[in-house]
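Below is one structure; the comments refer to it alone.
The letters A, B, C and D name the chains in turn, as written, and every chain counts its residues from 1.
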Amino acid sequence: MRKVCIIITTRGNYAKLKSIIKAIHNDDDLELQLIMGGGAILERYGNITNELSLKGIRICKLIHFLIEGEIPVTMAKSAGVALSEFATAFEDLKPDVVITIADRFECLPITIAACYMNIPVAHIEGGEVSGSIDESIRHSISKLAHLHFPATKSAAERIKRLGEPEGTIFNVGCTSLDVLNDLNLNDKNVILKTMRDKGVGPSINIEDDYLVVIQHPVTTEYAKNLTHVNQTIKAIDQLKIKAFWLWPNMDAGSDGVSKGIRMYREEKHPDFVHFFKSLPIEEFGPLLYNSKCIVGNSSSGIREASFLGVPSVNIGTRQDGRERADNVIDVDYDEKQIKDTICSQVSIGRFEPSYLYGAGRASQKVTETLKIFDFKIQKRITY
Amino acid sequence: MRKVCIIITTRGNYAKLKSIIKAIHNDDDLELQLIMGGGAILERYGNITNELSLKGIRICKLIHFLIEGEIPVTMAKSAGVALSEFATAFEDLKPDVVITIADRFECLPITIAACYMNIPVAHIEGGEVSGSIDESIRHSISKLAHLHFPATKSAAERIKRLGEPEGTIFNVGCTSLDVLNDLNLNDKNVILKTMRDKGVGPSINIEDDYLVVIQHPVTTEYAKNLTHVNQTIKAIDQLKIKAFWLWPNMDAGSDGVSKGIRMYREEKHPDFVHFFKSLPIEEFGPLLYNSKCIVGNSSSGIREASFLGVPSVNIGTRQDGRERADNVIDVDYDEKQIKDTICSQVSIGRFEPSYLYGAGRASQKVTETLKIFDFKIQKRITY
Amino acid sequence: MRKVCIIITTRGNYAKLKSIIKAIHNDDDLELQLIMGGGAILERYGNITNELSLKGIRICKLIHFLIEGEIPVTMAKSAGVALSEFATAFEDLKPDVVITIADRFECLPITIAACYMNIPVAHIEGGEVSGSIDESIRHSISKLAHLHFPATKSAAERIKRLGEPEGTIFNVGCTSLDVLNDLNLNDKNVILKTMRDKGVGPSINIEDDYLVVIQHPVTTEYAKNLTHVNQTIKAIDQLKIKAFWLWPNMDAGSDGVSKGIRMYREEKHPDFVHFFKSLPIEEFGPLLYNSKCIVGNSSSGIREASFLGVPSVNIGTRQDGRERADNVIDVDYDEKQIKDTICSQVSIGRFEPSYLYGAGRASQKVTETLKIFDFKIQKRITY
Amino acid sequence: MRKVCIIITTRGNYAKLKSIIKAIHNDDDLELQLIMGGGAILERYGNITNELSLKGIRICKLIHFLIEGEIPVTMAKSAGVALSEFATAFEDLKPDVVITIADRFECLPITIAACYMNIPVAHIEGGEVSGSIDESIRHSISKLAHLHFPATKSAAERIKRLGEPEGTIFNVGCTSLDVLNDLNLNDKNVILKTMRDKGVGPSINIEDDYLVVIQHPVTTEYAKNLTHVNQTIKAIDQLKIKAFWLWPNMDAGSDGVSKGIRMYREEKHPDFVHFFKSLPIEEFGPLLYNSKCIVGNSSSGIREASFLGVPSVNIGTRQDGRERADNVIDVDYDEKQIKDTICSQVSIGRFEPSYLYGAGRASQKVTETLKIFDFKIQKRITY
């Protein structure tokens, strides 16, 4: 029975891996080895270990690897700690395959730990194009991974052009859409309950138009993240449309973004913005679906929003190069552009759902492939 | 004045970077920041710090990152330590560009440390194809690096196909050939002196035919390295042609290779083999040039040997996919094949020099490019 | 000229070392090597690097060693990172003596790094008795240190009984009192400015009676810190005396304490409590001096408060065994006891100043000793 | 059932813990958690994992923590890695008590890991006096440990004077003598077999007089270890009495000692010295018992030799302060003194056995105490 090691280091990862975890957990032919670490097990980023335990899923290891600081040098050092700690975990668990995902800074060292220990790696969501250091990390992981589960046709094509053998690439669609498929997105009670239980700031009347705002730091624009988020803050503050604002990921630069948000909250006490640390996809799904527009630079504005037909205003470089459906309009770090584009997007209203990132059936395809795939540990570029 | 950080972690790296170090050291427009670490500063792998100090080159940092063990898990952990330690060093030195080389296991984490800290990386000898984990590491580094100095035309072409912008790729040839160009390779006194001063085993009459043998571990064949080297040992032992045998690199699996060699030495006390830990290129150059054949799986059998026209018997998978000139014949881990091919190669004698890996003028091109290249820290795949 | 390496890892350390830093900085016979790290350079614990830079003191190294989590296993791992990182720093700086202080979890590994590298260690504030893991850490450091600067006569006596040679022990008094000696403690404008610029919560009328509250986690009571702090919170909440509450140190368990405070703030929005992350001693001094009572388990309630004659209610086990002047009354983690004792202390009013912890002239004695002390790197117990 | 975690990091540790491991393994009321790491699992220091596996004892974790280099900075860094790695292991194994031993550099960080995680520590062989950094480490561990098993009466007395509560101190004697008690020390066939199977150098006629030589580095005399061992080498070389020479421990400075021995071997090829990497106590016991004298600075010359009545020449400072029976004569690092003293010791012949270090019944006492001891995690100095 193949032992599949899945690693969750952020809530974002969890949203993407949740359907696969469930599928493997329920499959008699695969053994799930779940490792949690990083922000996913820290209170201040919204610890999610309880959510899993509640579902009866055993967590094999908790791995702390984040060196406090959220600056470039601590990002590098955290990556070093992750590499070393995951090596220990893999030595203990001896998985047959390690699942790694997308492009966060810890995913590359985790991949290296597995590769150096001759453990095959399956990579989810490779082959896309974006900004930030994520762009380099994603392709670098592709060149280490032995099996690829891209989310779009053009991502699959790109992995092939990177010299990966065609038989190792499976376009399965975006795994986070699986969860959306299972939700009753119209149920506004979920939103009301979430707002009651979580976050800070005023209660929002969700029958009114509202926005969802998520702005993450861009590591390659490290010094400017505070300036950049302030443009968004000013736009939102002037529009006075109700908004749910989600806290940024913990990356080099998140300090700058957080500072902007914190100062805004403490100085202006906006009575039309409710702030969340982070939300599970089950709560985020209905919140996004019923919003008038998503604003910021989260990949949710590109993927989930297009699948749900929600208008999206994408700010700055973080998603540069990522494929977009018609619901997305790109703007600069510019208060006026952001404001005007939000207005026009809100006035347009809901788009047709797009299947650019698949139809929400990824987990089954991933699971079936993991069972039978014939891994070759020695890689070779195809050209 | 640009600060160029060069990192030496093995004698092999040193041979390749020596000409560039010298060129930068002598250039008024560049500041050299030399870091040494890993095996390059350990006695048991042939510490080379003195060689540099003697030349008046200041070593900025000595970095110890090798966790003893030489097994896959310690390779991964050493990589983690390297990532963390080099981050500290870069934070201190604040280089404008970091030079990383080829495909050793520590080069990938060193590259990551620089990238995560938004320091541009120039990669030497990318784009080639080989076996072992090196194959994955090399291409993975290419997808992180900002500037590429491949050693062959087809390597340059391959980096381009990996999606790196054409203007970032400069085919400069193999940097280790620069040093060979400056040597008097006919001077056999160098060999005599080296044999007198270094290594263990009998004195060899170098007027007789002799072989050079170097067999490194293959990390992806971790458990079989002892068996594999024993095939070579048996072939050499039966041929009884004089031989200089160089100790393997320190990688996961080197324990197996070392054990084979050590047992052979202690049990058979061969009176026709002289063993060296490792040699500087100035001593290795004449030794190789005057030999009848190089045997094993070192890249020297592919690069330096072709430039010098020395016949080469390449064993096993380690150099799989790497471009070869006519002087190389590939064989399996098979005692008889190895033996027979050595015989036929020795009987053929010297080949015409090949310029497949350049003409030994790499360092000047590298230095000139480093001075003026316009680094873009945000990478983007070209397709 | 002796190179003296001083390490600051928390604001508390800084308060204690400030006068010594200044003295060494101004001394022509000593060279100051200042390293800052841990919570002292993190925004969320009140980064103090700027305060130093403003004074023209060069910071040689910034060292990040805190693995996020604030649970026992991350405390241990952070200690491991500290040990390794400080070794790197010492290798670079080559100090003639390292100053280490008191009993925080990082001070022991820092001491070990120096000792293992044959660098003499001078220990400030050894020999005292307390609760928590601090008790073990403090004496363990004494057995590694080469020179001792205890703060009281009985602490000096205790170090001698630990088998340290009499000639290595100098009772200099508590170094943090030096700074108090230089302040105009009556100047209430300092308090007003601090309240205006820092912290959250309502503005407090400082002409009214007010308390200062500081409750740190006790690592050896790891699981109970939330319960314990809640007793204090209830007492304060019922008393409704105005209060300034300082956030806890970052130790295993601080998460529990923080959670208690955060929940209190967010649920009750007390209009008589102003919260500070942490304060420099120059601002903390007047705040404490003008308060009616200090409450909690900070050592300030024992040392600074006795020197200033401020009544103190010391809660729980953290300061167990530490010498007290008459101003201190000990209570259990018990809401009623805490409440009643605060009332009686407030009604008593200011005490006579005590010189139990010295007279605020420590830094000069320390500096003079550092200049001439004849360090013996080989230690030997005296019995 | 109490889970007792025992850690072996060197062959020396193993010899001392072997009888306790066996006793716990066979006890139904205790669960053995065996961790091996450091030199004990490395081939080049004589990997001993197989010896344990052969006895049916399960090894829970293998921990690699040695950063190559064997210089002070790598000793410190290895300690840092050990602290972090053992924290991971303890988090996984959740022992009820951790057994730590004596005074090696890794034992202090291992103790810290346990203490910081609120796991009680039992310390074997504390309270003795010696030279090197070991002296500081040993007492520092005593101040962290919760239960003490010293090997002599005066060591027990010293721990008490260090302020440890009397009820936590149990003088059990030296644990390594337990194994000697179980051996047939007269059986010279063991020596013959060992010499046949292990080590390098000529076969020695053990009916002749022979010496046992073991010289470890002294970390606090880091730069002089080569010079010091050369005095011993010259003495042995001139005496021409047959000798078995055991390789040094791996500490900062072992490089110097090893170099001296290696150079002697390679230059002089002495035909009367047989060299061993290291030996299990079962083989070392008869070798020592039948020798005429033990020479060097190993603690075996003090403990085991006195119990067996073998004359001992103790060189230099490493054992300074350790209690001696009449069989020991101390000499300086001085060729002539060493030579003369060996001669006189050999001529004296066997001494009466001494019970200074107990009678070889330690393991039973340790095991019984571990079962019932009432651990208090909060320590408090007794004065």
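Criterion: a residue touches a chain if its C-beta (ideal position, glycine included) is under 8 Å from a C-beta of that chain, and two chains touch if they have at least 3 such contacts.
Being a predicted model, the structure only gives us computed values, none of them experimental.
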{"item": "Pair with more cross-chain C-beta pairs in contact, given B-C and B-D", "value": "B-D"}
{"item": "Centroid comparison with chain A (C-alpha atoms), farthest chain", "value": "D"}
{"item": "Chain centre separation in whole Å, for chain D relative to chain B (CA means)", "value": "41"}
{"item": "Centre-of-Cα separation between chain C and chain B, whole angstrom", "value": "52"}
{"item": "Chain D, residues touching no fewer than two other chains", "value": "73, 77, 81, 85, 88, 91"}
{"item": "Sites on chain B touched by chain A in the complex", "value": "72-73, 75-77, 79-88, 90-91, 105, 108-109, 112-113, 115-118, 129, 131-133, 135-137, 139-144, 158, 161-163, 219-220, 222, 252, 317, 320-321, 377-381, 383"}
{"item": "Contact set on chain A toward chain D in their complex", "value": "61-62, 85, 88, 91-92"}
{"item": "Sites on chain C touched by chain A in the complex", "value": "41-43, 64-69, 73-74, 77, 81, 200, 255, 259, 266"}
